[in-house]
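Below are two complexes that have chain A in common, paired first with chain B and then with chain C.
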Partner chain A sequence: MSGTRRAFASVRATARLIAVKDLRIERRGRVLTNQVLPFALIVMVMFAFALDSDAVLERVAPGLVWLATLFSTLFVIARSFAVESSDGALDQLRTSGAPSAGIFLGKALALMVQLLVLVVVLVAAAVVLYRADISWQGGVLLVTTALAATCGLAAVGTLYGGLSAGAKGRETLLPLLVLPVVAPVLIGATRATESAFGTNGIAVGEGWPWLGLLVVFAVLFSVTGAIAFGSLLDE
Partner chain B sequence: MAHDLPVELSDAVAVLGAFPVLAGANLTVQRGEIVLLRGPNGAGKTTLLRLCAGLIELERGRGRVLGHDLSTDRWAVRHRVGLLGHANGLYPDLTVTENVAFWGRTVGASDAEIAAALKRMALDGRLAEVQVSRLSAGQRRRTALAALVARRAELWLLDEPHAGLDAAGRDELDEVLRQAARAGATIMVASHELERAGTLATRQVEVVAGQVRDLGATS
Partner chain C sequence: MTTTSERNVTGTSFTRGLGIVTLLGIVLLVVLGLFVSPADVNQGESVRIMYAHVPGAWLAYLAFVVTGISSAAYLWKRTRSLTWDRIAGASAEVGVLFMGISLVTGSLWGRITWGTYWTWDARLTTTAFLFVTYVGYLAVRGLGGSHHQRARRSAVLALLAVLEIPLVHFSVRLWNTLHQEASVAGRGTDVTMDGLMLFSLFLGVIVFTLMYVWLVLHRQRALALQDMVEDSGLDAALAARRAEAVV
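After this line comes the complex of A and B, so read on.
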């Protein structure tokens, strides 16, 4: 096996190892199901109380879904790195010799899976609470949007989660770092979801260019993260 | 590279912030030794261990760990050492086997190697499937050491390994470390428990104000 091929195989094996480990920890700890999902649903209900108008809620439902996703994402990222730093596992990861790109991709993949679950529940909540309507074509756009957006959020979250993992005041630092960077995801995912929901008569076709933005964002941060994560872990 | 010395430091300087924690340290460790690092708090013991683990930069001087240059090849050092600080580096929600297997797999250890690591630390019985969060402090330490074995660590860098253990746990840990040394591992232990660690160590060094002084072999 050539050196490059061996390096890729090592990255892939590490990514799988880390993702399985993180998802297993989540399955045992149930932080997503017992804490993050209830929080996200409460946010959705509070929005409904605050806006108190069916017409307004129908119009803003896509934005509310993605705002609730963003806020909840911060908890999932924090949890993802809390498990590494609570008993010094981060130091062990540093000295394990595992390729940092594999660590990054594995953590991002586990984060993405959790965020997808979150988005599915929040879209269902939007359908129930805000009476959002989804056609078949809209459903395809929505699924693709959710995949691209959660991939981008997971990449950014892992990158900045790693950066802030050893920092003082990381709980407050993380939102400050992450939220401004993921503004393009909020905008792109909201516009694409508006098209998927047919909000204000917007056609499904108008959502696909926004999906392009989400894909570019996800690729950019996935590649950047895979390259830069080793240096961030060292800081 | 069996002929390479585990640790060779010459006038090593390591800086934390602007403060030189190690200020021209000299140290050579032979394969199979158990070296006790003694000295007051803040003397540089932990920094010395982290330097040997390739986790902090060598600012000046020369340093080689297991044949790898600390100035240019810290990544290679990391693959071959195991650092156990005050924390155990375990995932409390995973079982003993899952933890040891995870760390073993990071270096490509086989199922047989993982099973052997568990057996060597007497963790292959009923404890194997217990979640780490339910273990005693001593059992957690043993699990962490099993992870080092599964990771094929050749140089064990232990910072206060007896902390938090009761008398039985400490005896058990000492026996595990002696066995590991007999099996070929080189061990550096930073400890304040001089009497206990002194009987464990084959050699003692004193770290004071960033300098290392060899106190010779223990009887």
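After this line comes the complex of A and C, so read on.
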């Protein structure tokens, strides 16, 4: 009994250490704020050029927010594992004896925090650029949607990022692997955000079932990731 | 009786026999499908696409199931063997091929019958995702590293696909039912099929299955040889250069 408790404590401690480490690297390196966020914003502006109509933009704003999030997520994942594969950091992590579930959860947590920042900025951009409108209840739905969706994205991203870490051609491989998997997140988050924005007069209440999909996805991939990450690491 | 690894070929008397049977079956299928079986009342001649489309789709699903099972067998410690990994890889390659065939034939048939190459029907969309997922799987297999590294990586990926596909299917269906009125129309199951058509279809499934077994056996052996070449490649090359130097 105390053995399992100790194992859990060890996983938690590792997760916290790894998450804090990754966020500290981000705070000092500022890749998210100086490169990924500007990229995401330019994508939002480009969407406006391509679609060229206020009415259309208002209609598709939720989808564009999440598309931009997905594209930017790929960069954040790549960054998260570029940090590990340089200077053989990943090998050191492997040989350190730290529980792989802890490493997985830590990296996923750091990823999730960064993705949340990204989503907040993109939603703000949608409000400013695409005239999205958020009511008070819509805001609650939006926050929970963002939490569940980024959790799912972070879990999948960490899993597949770890899978392709250190491999040749991983920059191009990662999108091919990740995008099909996160299609349910795109569908669920977009529908939930549509109701939060009230796009096409969709009521806020209609968004909650989609949140269920996002939560199932997040839980499923977090658990699977925590279990499977070990066999990806010890090679 | 020499084994394949001794003779360094991928054919045995079994696969040769299987190949001949498959070939005869294909000939019979072509004759039945293109000439003997009748045209459909509603679809006309385009119904003949079905004899390649349905077996192709069935085969692709079978292939991916085999990939999943072999991957699990590799990951399970008591049955860990690179043979499982090669079967998984060979099966996925053949599966991607057949899925590609059934996607192309399906959209051609759709253009003739529904007037459109593509509909956002849940089954179609899931199939497309399945295709892309296994293309990614094959890309991961090609990443390099040691054999066991490749095997473990791709086995985990194959099992993740088993998790992913039902989720994608479920969410696409949810998306569809709420946001699209009509998807695949007029595919009633109450339609009675002509006896000969049904027979041709079954023959197609059997012939394609035999072809799958034949392809996977050969491909698996070719992959084994490839692994052997990679293992012994450097040694053999060094020995050859030494031999040249002596002469």
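Keep this in mind: the second predicted complex is superposed on the first by the 233 of 235 C-alpha atoms of A that agree within 3 Å, B and C clash if a C-alpha of one lies under 4 Å from a C-alpha of the other, contacts with A are read in each partner's own complex, and residues count from 1 in each chain.
Keep this in mind: a residue touches a chain if its C-beta (ideal position, glycine included) is under 8 Å from a C-beta of that chain, and two chains touch if they have at least 3 such contacts.
Computed from a predicted structure; not experimentally measured.
Asker: Classify the contacts of A:K168 with the two partner chains as first (chain B alone), second (chain C alone), both, or neither.
Answerer: The second partner, chain C, only.
Asker: So, A:I187: does it touch chain B (first), chain C (second), both, or neither?
Answerer: A:I187 sits against chain C, while chain B stays out of touch.
Asker: Name the contact category of A:R131: first (chain B only), second (chain C only), both, or neither.
Answerer: After superposition on chain A, A:R131 lies in contact with neither partner.
Asker: Check whether A:A228 is in contact with chain B, with chain C, with both or with neither, and answer first, second, both or neither.
Answerer: A:A228 sits against chain C, while chain B stays out of touch.
Asker: Does chain B (first) or chain C (second) touch A:S86, or do both, or does neither?
Answerer: Touch partner of A:S86: chain B, not chain C.
Asker: May I ask you to decide whether A:S96 touches chain B, chain C, both, or neither, giving the answer as first, second, both or neither?
Answerer: Once the two structures are laid over each other on A, A:S96 reaches chain B alone.
Asker: Name the contact category of A:R6: first (chain B only), second (chain C only), both, or neither.
Answerer: Touch status of A:R6: no partner.
Asker: List the residues of chain A that touch chain B in one complex and chain C in the other.
Answerer: In chain A, no position sits in both the chain B and chain C interfaces.
Asker: Along chain C, where are the residues that touch chain A in the complex?
Answerer: Its residues touching chain A are 75, 129, 132-133, 135-136, 139-140, 143-146, 148-149, 152-153, 156-157, 159-160, 163-164, 167-168, 170-172, 174-175, 178.
Asker: Hey, which residues of chain A end up touching chain C in the complex?
Answerer: Going through chain A, the ones touching chain C are 159, 163-164, 167-169, 173, 176-177, 180-181, 183-184, 187-188, 191, 213, 216-217, 220-221, 224, 228, 231-232, 235.
Asker: So in the complex, which bits of chain A are touching chain B?
Answerer: The touching residues are 13-14, 17, 21, 24-25, 28-29, 83, 86-89, 91-98.
Asker: What does chain B use to touch chain A in their complex?
Answerer: Contacts found on chain B: 53-55, 75, 78-83, 85-94, 98, 102-103, 105-108, 131, 147, 151.
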